[in-house]
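In what follows, chain A forms one complex with chain B and a second complex with chain C.
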Partner chain A sequence: MDLATFAQFALSGLTTGCVYALVAIGFVLCANVSGIVNFAQGEYVMVGGIVTAGLASLAVPLPVAILVAVFLGGVFGFLQERVTVAPVRRAPMFLQATVALGVAVVIQSAALIVWGKDPYGLSGFVGDDVFVLLGAYLPLQALFVWGATAAFVGAAFYLLKFTELGRAIRAVAINPGAATMMGIKTGRMSMLVFAASGAAGALAGVVIVPITSASWDSGLEFGVKGFTGAIIGGFHSPFWATAAALGLGVLESLAAGYVSSEAKDIVTYGVLLAYLMIRGGAFLRGRRVVASTGGH
Partner chain B sequence: MIALPQAPRRRLGAWRMSNTVFGGFVILVLFYPWVLRSDYALGAAITVGTMAIATVGFVLLIGYAHQLAIGQAVFCTIGGYGSALLTSRAHWDPLPAMLAAMIGAMAVAYLIGRPILRLRGFVLAMASLALQLIVGFVAIQWESFTGGAIGIDGVPKFAILGWMVDSDIQFFYLVWALVALTVLIGLNIDRSRIGRELKAIAGSERAAASVGINLASLKVQMFVLSAGTASVGGSLLVHYLRVMEPNAFGFQYSLNIITAVVIGGLSSIWGGVLGAGIIVGLREALRLTSAPLLEGIVMGALTVAVLLLFPNGVAGAVARLYRARLPAPPSHSPQAGAEYPAEPVTVNPDQAYLAVDGATRRFGNLVAVDDVGFTVACASITALIGPNGAGKTTLFNMISGDQPLDGGRIVFAGERIDRLAAHEVARRGIARTFQNLELFENLTLVENVMCGQARHLRSGIGAILAMLPRVRREEATARDAAERALEFVGLGGQGARAPGTLSFGHQRLAEMARALALEPSLVLLDEPASGLNDTETEELADLILRIRARGITVLLVEHDVRLVMGLADHVVVMNYGKKIAEGPPALVREDPEVLRAYLGA
Partner chain C sequence: MSGLILRMAAGVVLLTIGLAPAARAEDLVIGGIGSMTGVAASFDRAVVEGIQAYIKVWNMQGGFKGRHVNLQLLDDESNAATAVTVYRKLVEDKSVGIIIAASPSQTLLAIKAIADDYRVPTIGSATVVQLAVPPAKYFFRSLPGTDAYMLTLINWVKAHGWMKLAILNPSSAAGQSEAGLLKKDAAAAGVQIVAAERYNDTDTNFTAQLVNIRNARPDFFYCGIIGGPSVTIFKQVKQLHLTMPIALHSSAFNPNFYRGIGGVKEADGVYSPVERGGMAGSASGLVAKLYKEASDAMGHPATNLNTAGWDTAMIVAHAIETSNDTRQGILVALENTQDLPVIGGLVSYGPSDRRGKDERSVGIGRLTDGHFVEAK
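The block that comes next holds the complex of A and B.
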């Protein structure tokens, strides 16, 4: 096998995998801390991308556009939690999930009304030049994608592992009842996690938009793929979710490169279906704690 | 108390109401084309009807089985392509083509639902979406077979056994007759044991498993059924439009199905019909006011708003208005002094009935249950005691199937049960109660207890859908048994009440009745005296003795040492996960290690 070709596919896959990873972390954090599978997670990627590109097309300076986009992602996440998550905290899981799906539709349709049907593109932050790595030609923008993902993931891990706040968040994830009794404000943690997930999704959208462009309906795909990463990673650990999502990005790109570009989506969705069927069927006979959710 | 031995068994008001509603519905359908004489109204009604067939099935999935499927329209796609291909390419008759497509859709649902619905919670939602995306993708790519993006045209008109459904009015009646059939199927399920058991699962999954209800299998049944109805809806719409193209039932249609059911009312079969009407009406209204861009945001916002504000939708609101005017249903009270179960359990009293051997359970570094072994004799009362955190409840949950074992084995009546799931353990005749009461709040008392009969009911979904007479007989028998069980624990005649209206002590008794309705040979009682006052505790002790007198073996976890010492034949003492003593109460009481554990020395 030609190394340069392989690197070309794998490294472009890693770049899209970064977006899936940021979405997957959002899924895992929201599910474990708030007990809700946030089906609107992918829409934040769309919001980040379309707002940045949209504002840039209105001649707003790029750094301002980026800040506004990430900030909006955080604000939307926060609003989603306050308006549609907190009121149904005790409702059955299917209902919470349906509400989140409704929110996704609202965000999507709002973007359609504001920005229209056509996709928005954007040139790379430092131009559209390429660089060579292991024989693969990659857009300079990929460095921003990797950098932003590494920065966010690093910050999230530091926060969760080594700070008081991170311990509080993890405590809520493990046992919300006990955490409340220890004086941790679970509602506040939930808000925080949703805002952070929204911002993470938007950040992913911001850095990827020069590569993929953004349109009102591009969030769905990121949502399903981030979810796939999260579920293969076990839905409990942000670390494994990140790893699985990156792997998925690479796998998908290899399939697209070596098989056909049509194979790309089939591979991801097929992986998701097959994984779930195997998890549910083959290895889980009899009595086992079949947990794959942060539901409490 | 006035005895009403011949009182009707059903909740009369609810039964009559749903018959009236159904009658009204039939009349409405019959006269619709003659009142609204316009092609537009007829076409809209056909569109509503094809969607309603899918949404009524979806109510069973989301409202009853509590499973969200984001990609439900994939089954409409399967139905649509199935009918289109089989009729226009293979020249099948439309009816067998529709049925074949339906069977295909149901088979797909079974294939993915059976493994996936064993997983917890929300995974079906995304799995169904993944399936929809894959099928949509294949439909576009596989041009030679599906006609690609253009689709298949020239789909013939519908025909039944050679009789062509020619006019739109005929097709309207055909579609709405099938809507009525779907509604009947739904109502039938709602009234059957399946409806009751699904409501029990919604109330408490744990308690439902503890009475032997197979959660995963019921969810799969509802998923398969909903896939079948979606497929039929898809087939019919394709025969109406005469073409099938890949976007006919895309993601948007899936969302419409979800929104329709949410607005119409998740918890009512009629919610599916109402919702389909509302959604199609809304969509047409937005189209006529030339605001089609608003469709998405209106649908999404309505979904969110209805779920947050009126989670039972339009049908729920209507039903509440009606129910408020109904008198409380009369309760049936059987002859006093019923013994339950009527036939005492007979087992060999010398045989060790339950044998726990080397049972171990670890949580991380903590060994919650450490190599514990003991046996429980037939028709005895055995008590498991120990200080807080001794591992009693964990061990208890290992026996009942709620917790896996990390080592050791549990044998019941000669069969290993330590690998069985909770509902399988229950089906072998081990019943349990819960320390923190897990009654099904959404069912009446007698329905709660009837759920305990699950393992004795033989009629499956086929018999229920076919409305076989034996289903009704079986229900009557189960209701009788439940009422006798209530009588036995001292709650005779209270069957029509909601569990929440009972005192704490009586709720505890109701849980005992539900456990007894399994007609078990072993009951596990988890701290039955906690939260009871002295009188209630005495009554409880008396009841436990009466249970044993029926030949039923009792194993209880208890804090109230006084109760245990007066009641138990055999006591097992645990501390820090280990068994520290075992024997008759008098001996255990003197055991120095037990004294140390309790007094802390």
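The block that comes next holds the complex of A and C.
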């Protein structure tokens, strides 16, 4: 096993893992604050990528396209919360999950109608050149993916740990009833978290689209992997979810490289199954929180 | 608002019923099925454009024995179930003597499965081997099969002395069928497959597969790309410094691919096994004459998809012209077709041969300024 090959697999997996991480954070925040597993989370990656690439193809300046895409992700997240989450807040969990899946299908179908079936590509923000790290060739765009992920995770950490707003969000996640009695507007927190999660997903789409392209159905893969990362992370802490999602990206790439591309998903999901069976309590712990916040 | 809804509903009904005006009693009616909407539309609309162009020229030259030729075209919406429904609708029309189907292989396989029940000669423009093997009496394929493309590629690779080949194929049935053919042909030719990787259409990271291919040090790399990932794979091939000569599946080359990789020039020098119709722009003799006729009829240089449609219509016209204009007569005429020259090569059928074009109709194209020229 030579270092360059290992680094190539691991670092490119880390780049993909960053996108999974931004999706996983959205899953965890939405679930803990609203009690709903937001299966539409991956679609925001698609929205961010396809809007950026689509606008850029219309000669819209890239910074404007990026801002519009992230803003739209936030607006869609806000609208999802107001239109489809708030009305079913007291409904059974399976119904909430079905509604979230419905939102995912609607976003996908709308993207197919608006943008067509062909993938949209985009050149890297500073070109398509590569840099070499530990013998691995990586696109310069990977630096933007890593940077955006680090910035978002850092900002989320700061917000949740050191601000009044963050404390309010955590209070709603821990005990929505008590939070309400303390004067915290739980509905407003839910809106805020869905908007932030939508923006995070769109940001992921913005930075990854020069590497992967984007098409109407590209959100599914990111959504499933982000969900998996959130599960492995316990569905409770955004930071454990981030770590798990990054690890998932790396594992997936190593499996494809060292086992075989045919066995990539077998290895990835095999590890997930093994983890869930051995550490069943991790998911149960997350589910307890989700359930406890579902009735406010 | 209600007017808009009514217009939209009328549009849907028109698409379902047909895309062409009703035939007059004295018309010669050819049934047509095409994926005019849905995921396959970006390919098959171009094939239908070629079919329509040929029929336009046929009518300008007097039609069939003075009768106007009418293509009764129905949209299968890129859906096999819809294709079967519209196929049944066409065969129930007694004026339809033959049906042309411009749809993806999986859709055509569904039509092939029922063609012998309805006994209307049907000709489909797709490449999967199973469309012709085993043969169905009433179903004919107009394009070379995947086996012809792969055999041509392997022979060409071997002729260059490149004895180590790497392949990357989709994990779909079609992709793995292609990989299986490559392995069989490579073994027969003494070419070693040093890496055989696969990918899912939903994958977003191909680094592992491409690094394994790079580490295997092949002389040549073929990527059976169909659909979305083509841009990502091509960019990662360059970023990972895979410097060996590379061939891509011909379906990769479309305006979105060129836009995604940063322009046509980026793909200069890439090879592809293509039907000779796709290289006819640089041909001479009869092929050049036919290609010019097709391009003039369409008002732009014909693409390989356009010529596929044109050729299919040419085969149908030949069968009708040499028959008594009955379904059975057209069937016999098709079976008797031998080395019919079309833009993409020579077409032959037989009593139990439904392949149409063979490896003689396939060449290796080298992309130059967005056009394929025959590679040396």
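Basically, the second predicted complex is superposed on the first by the 265 of 296 C-alpha atoms of A that agree within 3 Å, B and C clash if a C-alpha of one lies under 4 Å from a C-alpha of the other, contacts with A are read in each partner's own complex, and residues count from 1 in each chain.
One rule holds in what follows: contacts are C-beta pairs under 8 Å (C-beta built on N, C-alpha and C of every residue); 3 or more make two chains touch, one makes a residue touch a chain.
Keep in mind it's a predicted model, so treat the numbers as computed, not measured.
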Inset, instruction - Considering only touches as defined above, state whether A:Ser57 meets chain B (first), chain C (second), both or neither. - result: second
Inset, instruction - Using the touch definition from the top, say if A:Ala178 reaches chain B (first), chain C (second), both or neither. - result: neither
Legend entry - Of chain B and chain C, the chain that contacts the larger number of chain A residues: B
Inset, instruction - State whether A:Leu220 touches chain B only (first), chain C only (second), both chains, or neither. - result: both
Inset, instruction - Once the structures are superposed on A, label A:Leu276 by its partner contacts, choosing first (chain B), second (chain C), both or neither. - result: first
Inset, instruction - Could you say whether A:Glu262 touches chain B, chain C, both of them, or neither, answering first, second, both or neither? - result: both
Inset, instruction - Examine A:Tyr120 and indicate which partner it touches, taking first as chain B and second as chain C; both and neither are also allowed. - result: second
Inset, instruction - Would you sort A:Tyr137 into first (chain B), second (chain C), both or neither based on which partner it touches? - result: second
Inset, instruction - Take the contacts of chain A with chain B and those with chain C, and give the residues found in both. - result: 220, 262, 265
Legend entry - Contacting residues of chain A [partner chain B, same complex]: 37, 39, 84, 87-88, 91-95, 97-99, 101-106, 108-110, 112-113, 220, 224, 227-228, 231, 262, 265-266, 269-270, 272-273, 276-282, 284-293, 295
Legend entry - chain A residues touching chain C - in the complex, by the definition given at the top: 5, 8-9, 12-13, 15-16, 57, 117-123, 128, 130, 137-139, 208, 211-213, 215, 217-218, 220-222, 252-257, 260-262, 264-265
Inset, instruction - In the complex, go through chain C and note every residue touching chain A. - result: 39, 42, 171, 197-200, 202-205, 207-209, 211-212, 215, 228-229, 231-232, 235, 238-241, 254, 256, 259-262
Inset, instruction - Can you check the complex and tell me which residues of chain B touch chain A? - result: 62, 66-68, 70, 112, 114-123, 125-127, 129-131, 133-134, 137-138, 141, 202, 251, 255, 258-259, 262, 293-297, 299-304, 307-308, 311, 401, 403-404, 418-422
